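By written order: A, B, C and D. Residues from 1 in each chain.
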Amino acid sequence: MSHTSQIKVRGFHLDVYQHVNNARYLEFLEEARWEYLEDSGDIEFFQSLGLAWVIVNININYRASATMGHTLDVKTSLSKVGGKSAVFHQDISIAGSGVAIADADITFVVLNQKTGKAVPIEGDLLERMQSHLNSSKEEL
Amino acid sequence: MSHTSQIKVRGFHLDVYQHVNNARYLEFLEEARWEYLEDSGDIEFFQSLGLAWVIVNININYRASATMGHTLDVKTSLSKVGGKSAVFHQDISIAGSGVAIADADITFVVLNQKTGKAVPIEGDLLERMQSHLNSSKEEL
Amino acid sequence: MSHTSQIKVRGFHLDVYQHVNNARYLEFLEEARWEYLEDSGDIEFFQSLGLAWVIVNININYRASATMGHTLDVKTSLSKVGGKSAVFHQDISIAGSGVAIADADITFVVLNQKTGKAVPIEGDLLERMQSHLNSSKEEL
Amino acid sequence: MSHTSQIKVRGFHLDVYQHVNNARYLEFLEEARWEYLEDSGDIEFFQSLGLAWVIVNININYRASATMGHTLDVKTSLSKVGGKSAVFHQDISIAGSGVAIADADITFVVLNQKTGKAVPIEGDLLERMQSHLNSSKEEL
C-alpha cells in the first residue's frame, strides 16, 4: 500500500531563507503517516492490541527547497519489516512537476503501551505488517 | 511582581515576510509566563491544590516587526484579579532599543483539575494572587 | 463571502494538556485565511497593486478544547471594513457536532509594500473589500 | 570546539504522548547550532564571504523521551570536514542525570549565496573549518 498526501506550502511554514523549514518537513511527514494509517485501517488494529508505534530513527535527505505557492505530494509506504523494527519510506515532491524535495526513512518499533517495552514483530503482527509490503509491490 | 524573559530571534521563528510569525509570539509569551511562575514560586502552590490556569482570551497587538538578530525582552506581570478570572499583561520589546514589538492581555480562569470546572477566586487563592499585584506596584 | 476550511487534529498539534495548543490555533486561522483569499480571487488583485495585509491585532476566545480525532471547521468571513483597517471574523467548531471551540477577530491594515506604510481604504480598494461584506450578507 | 546549550522543556513542546515531539527536537538542534556559531565567531566569517550553510541530511536517533520539567543539554561539535560537505554531531541529554535522549548527525554543504551553488571546501575555508575539529579534540 502507498498513500499520497497533499500539503500546500503557506507563509508560516517558511523560515528566514524563504524555504520550508527543516522541522516543518517532519510535521508534513507525520501528517502523511497519520493519513496512511487511517487509510489502511490499521489504527484500530493496533489500538485494540494496546500497541503504539514509536520512532527510533529519522534519516532525511533535503534535495531542493520548496517555497510559497508550492503544493507538495507526500508519498508514504512501508518499505521494510524486520524482527524488531520496521521502516516507512516517504518522498516529498512538488505536485505537477514531480521535482524531488526530500525523502526520508522513518524507523519505528512497536511498543506495548502497558509495559512500555518494544514487542517482537512476529505472528499476526508480522503478517499484518507484511501485507502492507505486498500491497505496495502490487501497485508497481 | 514582574518578570522579564529574553528570547533571541532565530531563523526558524520567521516566516515568509522575514518577520517573527504571529503564532510564534504566543510561544514566546507562554515561555515567559512559565518563567514568571517559576520565579514566583506559584507553580507548587497551585499544583498542591490541584488547580490549573486555563486561558480563555488572548488579545494581542502587533506594533512593529522583529527579525533575525533581534533579542526580545518579554515582560510579564499580573495586571488584574477579578472574582472569576485574572489577567496577565505582557510586553515584547527589542532589547537595548526598547522599541515596542507587541503587547498582550492574557485572561485566564483557575480550573479545579478534578472537576474540570472553574473555581471562584476568593479566600487564600485571592490573597495569593493579589499579592502579585501589590508587589508589581512596589516595583514601580 | 464566507469560507469554511477543515483541519484534522493530529498528535503534533496537542500540548501537555492533550489539547490543541493556543499557538496552533493561530496557524489554523492563518491557513483558513489563505484558503479564503484563494477562493475570493483577491490574492492577484492585491499583489498586482503591490499591497499586503498586515495583522495589527488578534483577539481570540477559547471556548472549549479540541483534541485528537476531532475534525475542525474553521469559518472565515470579512466582518468589517473601516477607513484605515478591516476585520476578519473566524469561528472554529467541531465538525459534525458544531461545538464552539474558539472564535477570533483579526484586525489588519493594508500596506503599500514599496513604502512600507499603511494605505487608506478608499476608492477601488474600499469597493473591492466591501463587496466581500455584501456577499457575506447574501449568504445568510 | 564544542558548545552546550540548555533548553527547558515546556508544555508547548510536548505532543499527544506527553513527550517532546519529533519535530521540536530539530528546533532545539537548530537553536544549539546558532549558539555554537555565535560562540565560534564564524557567523561573520561566512557572511563576509557570502557563504551560507545548507543542510542536506539529518540522521537522528531517538533514545528516550523527555517531558515537562526536564532541562536538556544540547551538545554541538563539528565532527567531520570533507571536500564537499561537513558534519555536525549533536547530543541531547537530560541535564543532571546525563540520560541520553537523542543524538544526530547534521550534514551540510557550503553555498555561495550569489550563484546558489555549493562550493568546494578547500583553502581558507577548509582551514577555518578544520580548526573547529582540532579544538574539539583539545577539549577531550
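The rule we apply is simple: contacts are C-beta pairs under 8 Å (C-beta built on N, C-alpha and C of every residue); 3 or more make two chains touch, one makes a residue touch a chain.
As the structure is a prediction and not an experimental result, all values here were calculated from the model.
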(request) Looking only at C-beta pairs in contact, point me to the busier pair out of A-B and A-D. (result) A-D
(request) Quick one: compare the interface residues of chain B with those of chain D and tell me same or different, with half as the dividing line. (result) same
(request) State the chain with the largest centre-to-centre distance from chain D, centres being mean CA positions. (result) C
(request) Report, in whole Å, the distance between the mean C-alpha point of chain B and the mean C-alpha point of chain D. (result) 30
(message) Averaging over Cα atoms per chain, report the distance between chain A and chain B in Å.
(response) 37
(message) From the mean C-alpha coordinate of chain A to that of chain D, what's the distance rounded to whole Å?
(response) 24
(message) Quick check: what residues of chain B touch more than one other chain, meaning two or more?
(response) 11-12, 17, 22-23, 27, 30
(request) Select the category (line, ring, star, complete, other) that matches the graph of chains linked by touching. (result) complete
(message) List the residues on chain C that touch chain A in their complex, please.
(response) 8, 10-12, 27, 30-31, 34
(request) Over in the complex, which chain B residues touch chain A? Could you list them? (result) 11-18, 21-23, 68
(request) Under the touch definition given earlier, write down the residues of chain A that touch chain D in their complex. (result) 17, 22-24, 26-27, 30, 52, 54-62
